[in-house]
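These notes open a run of structures that come right after.
There are two complexes below, and they share subunit A, which is joined by subunit B in the first and by subunit C in the second.
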Partner chain A sequence: MTGVVEAHELSKWYGEVLGLNGFTASFGSGITGLVGPNGAGKSTLFKLLIGQLRSDKGEVRLLGEDPWNNVPLKRRLGYCPEHNQVWGWMTATRFVETLLRLDGLPAADARTKAAEALELVGLTKAKDRPLKTYSRGMRQRAKLAQALAHGPEVLILDEPLSGADPVGRVHILRTISRFAREGGHVLMSTHVLYEIERITENIVLIHNGKGIASGNLHAIRALIDQHPHAVRIATPQPREVAQALAGMDHVVAIEMPTADALIVRTRQPDAFYRELPEIVVEHRLDVRGLESPDDSLEAVFRYLVG
Partner chain B sequence: MSISLPTYTRREGPLLGRGPRVRTIVVTGLRREFKRPAAIFAIGIGTAITTITAIVFVLLAPFFLQGQPLDLTFFYLPASNLAILFFVTLMASVVGAGLIADDLDSMALTLYLSRPITPADYLIAKAAILAPLVSMISVLPLFITPLLGLLLGLFPWDIALAAMGLSIVVGLVLTAFYTSIALFLSSLTRRKSYAAAGMFAVTFGLWIPAQVFASPGALDNPSLLYIAPWEDFLAVARGAYGVSSGPIDWPLALAILLAATVLAALATYLRMRAVEVVTG
Partner chain C sequence: MAFAQALGKGWVVTALTVRYLLTTRRVIAMALFAAVPLLLAGSLALARVPTFDILLFQVLMVPLFLQVVLIFVTLVNAAPLIREEIEDNTLPYLLTRPIGKPAIVAWKYAGYLVAVLVLLVPPFVLAYGVTEAYGGLALGTDSDVLAGFLVATVLGSAAYGALFLFISVVLRKPLAVGLLIGFVWESVVGSIPGNVPKFSVIYYLRSILKGMIDVGPLSGFPTDVSAGVAAGVLVGLSVAFLVAAMAVFQRNEFRQKA
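Up next is the complex of A and B:
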């Protein structure tokens, strides 16, 4: 076993529910995307990697070590959980500082590092606000800040882009890319393939607890492009946003299911995600969050697994 | 659109040991408790009522014990105050029940355990949050009673000093028991209301039936009182303050309280060592 992560026949049950089912994969250095629909087993795999779940069967190694109850290994990890409701009463500064203190940093160092990490994710202006007043995207950035702040070797990011606004996404993706360029390893889960495509070509596809494909993603791009990709945009100006997006060639449908959201279906998700921030800035639109319902990815997975 | 980012730097340098990390959990926990109205109420009202009651006991001491010497046995009276039983249980329920259960429910445990924190560090910190708060009800009033008696000149200094020392010991036995049981119950569930109900069940669910069945009209067996933690505590207090008569013996009562405390702590430790943080 030589990769950053090595998993062999890894299985995890929650009572009678199967979380992972004989998952086997090897993640190398740099950025690796773990892509799969909700409930595929991504969070279970990450919890096994950070030693917060114990496998029922099989073997897992992170940086060559067994993660279960491995306290020294935790110094080398930065973990960004999917859950968003933690410690809402704390300011972002206090949140990151507290977790740095738990790493063993002296108070003064923790303060400095927290400020640096919050600057890195673009939260300096909002750093003294309680987390409960943050948008979902801002909380994602605060969580990324705490994961980065202590200088880990490996970042494990569970759906870090979920609910993030366009500018926040740019911040998060650039931060992750920079971390990897400087020698860090990143494992990042998503149920939206196009999110991860912008920063890496190394992906592992997971479905029903099994690794169904891994390696370069271009091979499955053609398959995926046959299925229009849905993006849900949270905005108080759905009509204005719809007007601005209607001119994009690859947008095949726009729906307005509620007064504060619209769903856009596009045949070129990568172009859509690339162009959206510019359109938002150019038209001065109030876009508060992006989410991708995973039905389009589900269709691809159904195709792949037969 | 252009966004510039500062350079990421990997940290290299000495890290602090276990103590500061544990203190961080304690400080975080205390900050959270002092933002919760229910916790503030339990701490404030519990401490006020038990302390005021203790002061009243001292002020009325000459009337309580007319014609009797004011010796060490007097201090059994404030120790047996039912307000202590109620508010210690309330404090353990309001504060203690949520200490682990809330972390499990909110997934804060995921963040704690993603850091170099051992289950023992985590539990020591949680105990360090609850124990001082429980002590404000189980130790403070018992300590204030002889102190005030000394200051008012009601008790000779040697008796008052002995009473103060014994009060700390007796109060800490109760503190340790309730801290340990509260953390144990809290570790069993994500719902603090279940753990809180468990605290009341341990206190009153054992005490009331024990009283009923031990009475002469029922089984007439005082040994049944050993199953009630409050009766065990009263026996220990009687032993400490030299009160001779009592339905159960203090050595066995003390052994039961300490054994329950240690077993609950051990069970909680083993539970936290094995706990798996499942995404809710």
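Up next is the complex of A and C:
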């Protein structure tokens, strides 16, 4: 076992409910995205990695060590939980400072490092406000600040973009990228594949507690792209729209289930969404709505697992 | 160096606990409840009750302070120490820092003791002061009464706190069990013959009062345990329950609310 994270046949049950089911994967250095729909087992895996849960079966290693009740290992990791709860009565400064003191830093050093971390995530102006007054996105950034303030080797981020506003997203993604550029490792979960594409090519797909694919994002996207992505277009001119879209080389099928809609199947959803506005304008088409039955990652996973 | 660092981390957990217990909204209710002895003494003095003296003070304080206020305040402050961190999803922030789980329990318990004594001791001392002032006596006249109740408060807070903390790491709903133990078992156990009363905290608290106070309602309390032994038993109980809570917490995994 040599990766940042090594999991072998890892299983975790919550009574009758399956959290992880023989999950096997190896996460290398840099940024790795753990992608899966809600309930896939992402948070369970992370809780096993931080030692909050103990596996029922199999083996897990973080930086080569067993995380369960491993106090020294905690100096080397930073964790950002999925939920948004914090000690609301604390200011962001006090929040980060308090946790840095638990890392063993003297008060003065903790104050300095807390200020630096909050600046990094763009919270300097709001650092003296109680956390209960923060928006969801600001709390995400405060949580990220406490996770990286002590200079860990690995960051474990559970849905760090969830609920973040556009500015917050930029700060969070920029902070994660910078941390990785400086030699840190990042494990980041998301249920939105397109989110993670912006910062890494290494992903692990998880579904129903099992790792179903891992490796380079493009390879996995190619795998996904073999399964046409459906887009339902609401339009009073389905025939005209179909004629215009038929020329797109990645469109593999067009169906007209009703008089006011058509379903287009494409192998390249990104290209489709990029090119569609131009085609609509060029052909003066009346397109009233777009909906993707495959929009959720769940559908993509259903393709992958058959 | 390592010891100083461990002490520093412990202080952070203790301060966090004290801050939480003494500044969140519940403290208002707790402070009012803890002030009941003072309110009662003040009311008796204002009503100019002719029989109000240090003896009546003790007659009232044994059931009211020891068996109601002390138990309720310790239960409400000890039970959430760990349980609310789990329920509020804030526990991961502590568990992902380089501090052992048993140390978190121990330092939180220290914070609990500080907070509970801050809540309980000042109103009780003031109530004693009002009683002595009403009788026109110097504050030190019945110092044995004050000392006896203060020792009982400190040791009772320690023992009940450790017991309720232990219950809270073992059970998901510790308040119900805590209320049963605190208000049912501790109340009825005195009426059970034989050595059964020795399986309660209140027995040793009463033994301490009997041993330390020259004249009082507990002078006739049937006990063969001296104040010193009773204090030793309560210290032992506190340590035993605290160590048990630390051991359970170390072994437990924590599943939070979704």
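Rule of thumb we're sticking to: the second predicted complex is superposed on the first by the 231 of 306 C-alpha atoms of A that agree within 3 Å, B and C clash if a C-alpha of one lies under 4 Å from a C-alpha of the other, contacts with A are read in each partner's own complex, and residues count from 1 in each chain.
The criterion applied here is as follows: contacts are C-beta pairs under 8 Å (C-beta built on N, C-alpha and C of every residue); 3 or more make two chains touch, one makes a residue touch a chain.
On a predicted model such as this, the values are computed, not experimentally measured, just so you know.
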Subunit A as common anchor, with subunit B and subunit C clashing or fitting: clash
Subunit B versus subunit C, judged by how many residues of subunit A each one touches: B
Touched partner set for A:72, first subunit B, second subunit C, both or neither: both
Touched partner set for A:247, first subunit B, second subunit C, both or neither: neither
Subunit B versus subunit C as contact partner of A:52, first or second or both or neither: both
Touching partner for A:81 - first (subunit B), second (subunit C), both, neither: both
Partner chain(s) touched by A:109 [first = subunit B, second = subunit C, both, neither]: first
Partner chain in contact with A:99 - subunit B first, subunit C second, else both or neither: both
On subunit A, the residue positions that both subunit B and subunit C contact, one per complex: 14, 50-54, 69, 71-72, 74-75, 77, 79, 81, 83, 85-87, 89, 98-99, 101-104, 106, 146
Residues of subunit A that touch subunit C when the two form their complex: 14, 50-54, 69, 71-72, 74-75, 77-79, 81, 83, 85-87, 89, 98-99, 101-104, 106, 146
Contacting residues of subunit C [partner subunit A, same complex]: 5, 8-9, 12-13, 16, 19-20, 23-24, 88-101, 250, 253-256
Footprint of subunit A on subunit B - complex, ascending: 1, 3, 5-13, 15-17, 20-21, 24-25, 28, 32, 35, 106-108, 110-118, 273, 276-280
Complex contacts: residues of subunit A adjacent to subunit B: 14, 43-44, 47, 50-54, 69, 71-72, 74-75, 77, 79, 81-83, 85-87, 89, 98-99, 101-106, 109, 113, 116, 119-120, 122, 146, 148, 150-151, 167, 170-171, 174-175, 178-179, 182-184, 277-278, 281
